Structures are given as structure tokens and as C-alpha cells.
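What follows is chain A paired twice: with chain B in the first complex and chain C in the second.
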Partner chain A sequence: MITTRIKPEYIVAHEVIGLDVEVVESPNKYTKGIRGKVVDETQNTIVVKTEKGEKRIQKRNNVFLFKFHGTPVRVKGDLIAFRPDDRVKKGLQMLKRWKR
Partner chain B sequence: MNPIDCQVEIDYGFQIPFELGFKGIICFSSQPTTEEVQTLKVYPGTVIEATTPRELKEKLNRVDGEKIVGVKGPLEVNRAAVEDRRVDLILDHNNRDLDYVTLKMASKKRIFISISIRKLIVNTGLKRVREIEKTRETVKVIRKFNTPFLLTSGAINPMELRPFRQVVDLSSLYGIDEKMAMEGLTINPANLIRKKFDPSYVIDGVILEDWR
Partner chain C sequence: MRRNKQLERRITRERIEILLKQAMENIQDNPDRSRRYVSLAKKLALKYRIKIPKQYKKRICKKCNSFLGADNSLTRLKNKCVTVICLTCGNIIRIPYYGRKDRK
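Let's turn to the complex of A and B:
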């Protein structure tokens, strides 16, 4: 069986629904520390299912900690603030331009 | 808050930036080494001065080792530099030429633009006015495209070093507010150093860490 390991930086182009997430930095003190599983995503927000119910959190100006294929990855929300279907193309473009 | 002075060309007197409040300097000296003086970290850099894009490419091919690469030259050299992945930083100097297209490209390619206050100290009269005017235009475009920039003293000898609070205050003449100035002195240099020297660096905005 051939297995390929996805590199952690590809999270910017990857599907986030189903991943465990925690909001580690946020200008809003009520949003900081929210932990759960991503159940939905739009262009500017993600919906996180927590113990206390579903919370809609904006992507921009927040920093998220995703558990991506066993690796915890801290991601700035501005890098994933695109429509889910556009994010694959934009994420790969970003990686191609920025990565050394 | 760890301010880092990003364009220093001195071979000695590293005690002075430490006393002025900096936690690190990027030193473009003739013998770049990584060292630590008390708690001041010195990061090595290399300056490439070129007059044509071809000369720039030849000199870039000769760069070896882990060093931050800074480029000085006319407009065409700066344009070629922002398109080359090996370049980290466009250094600031008298009569530096940066146009709209170059700054836009620097934003896309994540090449840092250095803004120094040395031009304010060294120049006088009409020359100083022209330099301030040019730099204000540069800062406007940097703000528009969110181009990564570094604020620095630009010192070429220890007497030109300034405390970081003074660098922040003087940068207001360029139209840089305090928040933007602190970003140029702390966050952006840290990103550049991480990009160059941290083996776990991936891309800007993505950090690998242990799950809590």
C-alpha cells in the first residue's frame, strides 16, 4: 500500500471541515480559547462545534491551531480567508510564491 | 517586545545596540558571523551592490552559507532583485529608487524593504527634504500593498546607532505611525530571521508546534 504524507504547510489549501481546532489568538476575548471540531466553513468564517454548542468564528485577525494529520499547525486566519472551493487554488499559489 | 535593528554595517561596538535597547541586530559587515553579545543576538548578512541585473545574478551565484542577502543598486537592479528568491532584503541608501511596480512585486514575493533613519541624520537641507519626500511615497505604497518592511537605524558606524524609541519617533517623519513602526522593528525582523535561520519554518503565517 502506498501512503503519501501531506506536508503541514498544505493546510492553507486543504479542507478544514472535520479538523480539531483551537483559537489561540484573537482580538475578541470571548473568541480566544474556543476549542472543538470544524463543522462548516464560509468565505470569512468557520463554524466550530464545542461542548457548549456551535460557534461561528471569523477567520481574519484570528490565529487558529489545527491538528492536521497528527501535527499541530498554527495558522493565521488571513491565509485561509477565502471561499472553500477557491482556497485550494489560492493556497497552492501562495505556497508556490512564498515557499523557499 | 524584542526590537531588532536590521541594517547595521559595523564590525565592532556591539555593546552599543544592546545598551540602546535592541535585542538583536542584522549585521552586514565584511566578516559576518552569528554571535551573541550578552543578550544581543548578531545575525550575519551580506550586501550585494550591483549596477546591472546581470552583475546582480553573478554575485548572487557566489553567495554561500546561511546569510541574509541585502541588495543595493539602481531601479533596474532592485526590480531584478525582487524577482529573485535568493534575495531577502532591499537595503536603504541615499538615492535609492523604488517604484510602484517594484513594491507591488516585493509584496507578492515577500521580499523585505528596509527603511532607515540614517538619511535624516546624514543629509541636510534640500537633500534631506527630497529623501523624506521619496520615502513618504514609498511608505504609502508599502501600506497599500502590505509589503513587508523593516525599520532600521541604517548605521554604518557605531556613532550612527540610535535607541529604538528614537527610531520609532523619527519614522513619523516618513508617515509611519507608532503601530506600524513597532511592527517594522519587532514582528517583521523576527519573521525574516525565522524564515532564514529556523529549520522548522514553512511559510509566513504557518507555524508547527506541539499540541497542548
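Let's turn to the complex of A and C:
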């Protein structure tokens, strides 16, 4: 159960597995517009389950739109390009740096 | 720059819960993915020094990381132990239980 209130910007540190995504911007026209549910994550990629099967999309250079606790959040892929367990520490650090 | 460890731990606790729930849902349909989720949750717990919640801890096979449900495990009472056998790797978990007389 998620009891604590988490700000939408903390998605950088939070779990993306199980969330709905859409690729909003991409240099590759074939990955742009992919929509589905995240089923796996590695350092450089996320795996999205779509109607046409599972697609592995790179994080860098792409912009994602996650639906995080009901609110859509736009995230640059470069911000979440860390190992899934590293992201809690490094993601929060990046947020701090970005806020300054 | 100082780390906000409390916030880190709070977030990690939620992440572990989410992952284990996903693992529980995926036991039947895709067991490999379920195992992957458990290993991710374990990594998080190790890194940020958080205990895996008690209700989940006995339901994870330490050897192959699979989440033990009704389909991939056998539970028996043997020799005053709750014996859980993981059917994917054959690992046996024994949790002893005692009556009042036996404890003396």
C-alpha cells in the first residue's frame, strides 16, 4: 500500500515497473508514440508491454510520459538512465542539483 | 551535498512493496519476470538497508528468488517443522514450530 504522499517529481527515484508510459519525443520515429505498461527496467533501457508485444526502448535521448499515481509526469530519459537500484540515491541527487 | 536518507528509505520501502506485489501477480503467467522482480527488490533492500516485510520474507525462495505461491511450492508439516519445498529449484525451507510441552 502506498500511504505516504509522494511528490510527482520523485518519479526519478521511484519505481517505474507497473506504470503506464508513452514515448513522447524520440529521435527515432518508430519508437515515438509507443504506449503501454512498463514490465522491466535496466540501466539503459525499459521494456514496455504494448498490444503488439514487448518493446525495449532506450532511456537516453527519449522523453517519456509516465502516469505516476494518477498524475501524468513528463520525464527526460537522461534523468533516469541509472541502474534501477542506483536511481533512488542518484535520482534524488540529480533533482537537488536541478533545483539549484 | 547531503543525502536525505530518510526520504531515500521511505521511497525504497514503497518500491520494495510494489515490486513484491508485482512478483506475486506474475507467478503463474511469467515466472521468470516474477523472479526478476524479487531480485530487484532484494537488491534495493540490500543497498538501502531495509528489511523485506515479514509477510513476504517467508514466501521467497532464497536459492532461486522465486515467489512461492500455491502452484510452485509444497507446504507440509514434518518433524515439527513447516516444510516448504520450492518446486522450481527443489530448495527446502524449514520453519520450526513447537507446542507448549516441547519447549521445556
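Quick notes
FYI, the second predicted complex is superposed on the first by the 96 of 100 C-alpha atoms of A that agree within 3 Å, B and C clash if a C-alpha of one lies under 4 Å from a C-alpha of the other, contacts with A are read in each partner's own complex, and residues count from 1 in each chain.
Here, a contact is a pair of C-beta atoms (placed from the backbone, for glycine too) under 8 Å apart; a residue touches a chain by one contact, two chains touch by 3 or more.
Keep in mind it's a predicted model, so treat the numbers as computed, not measured.
For the composite obtained by overlaying on chain A, chain B and chain C can both be accommodated side by side without a clash. After overlaying the two complexes on the shared chain, residue contacts for A:8 are found with chain B alone; chain C is out of touch.
When the two complexes are laid over each other on chain A, the CA centres of chain B and chain C sit 140 degrees apart as seen from the CA centre of chain A, to the nearest 10.
In the superposition on chain A, contact is made by A:94 with chain B only, not with chain C.
Legend: residue contacts after superposition of the two complexes on their common chain; A:73 is shown touching chain B, with no touch to chain C. The least CA distance from chain B to chain C in the superposed model is 11 Å.
Common to the chain B and chain C interfaces on chain A are residues 97.
Across the interface of their complex, chain A is touched by residues 1, 3-4, 7-8, 10-12, 14-15, 17-19, 22, 33, 36-37, 40, 43-44, 47-48 of chain C.
Within the complex formed with chain A, the residues of chain B that make contact are 85, 108-110, 195, 202-212.
Interface residues of chain A facing chain C in the complex, by the touch rule stated above, are 1-2, 4, 6, 10, 13-15, 17-18, 39-40, 84-85, 88-89, 92-93, 96-97.
Within the complex formed with chain B, the residues of chain A that make contact are 7-9, 11-12, 22, 65, 67, 71-76, 78-79, 94-95, 97-100.
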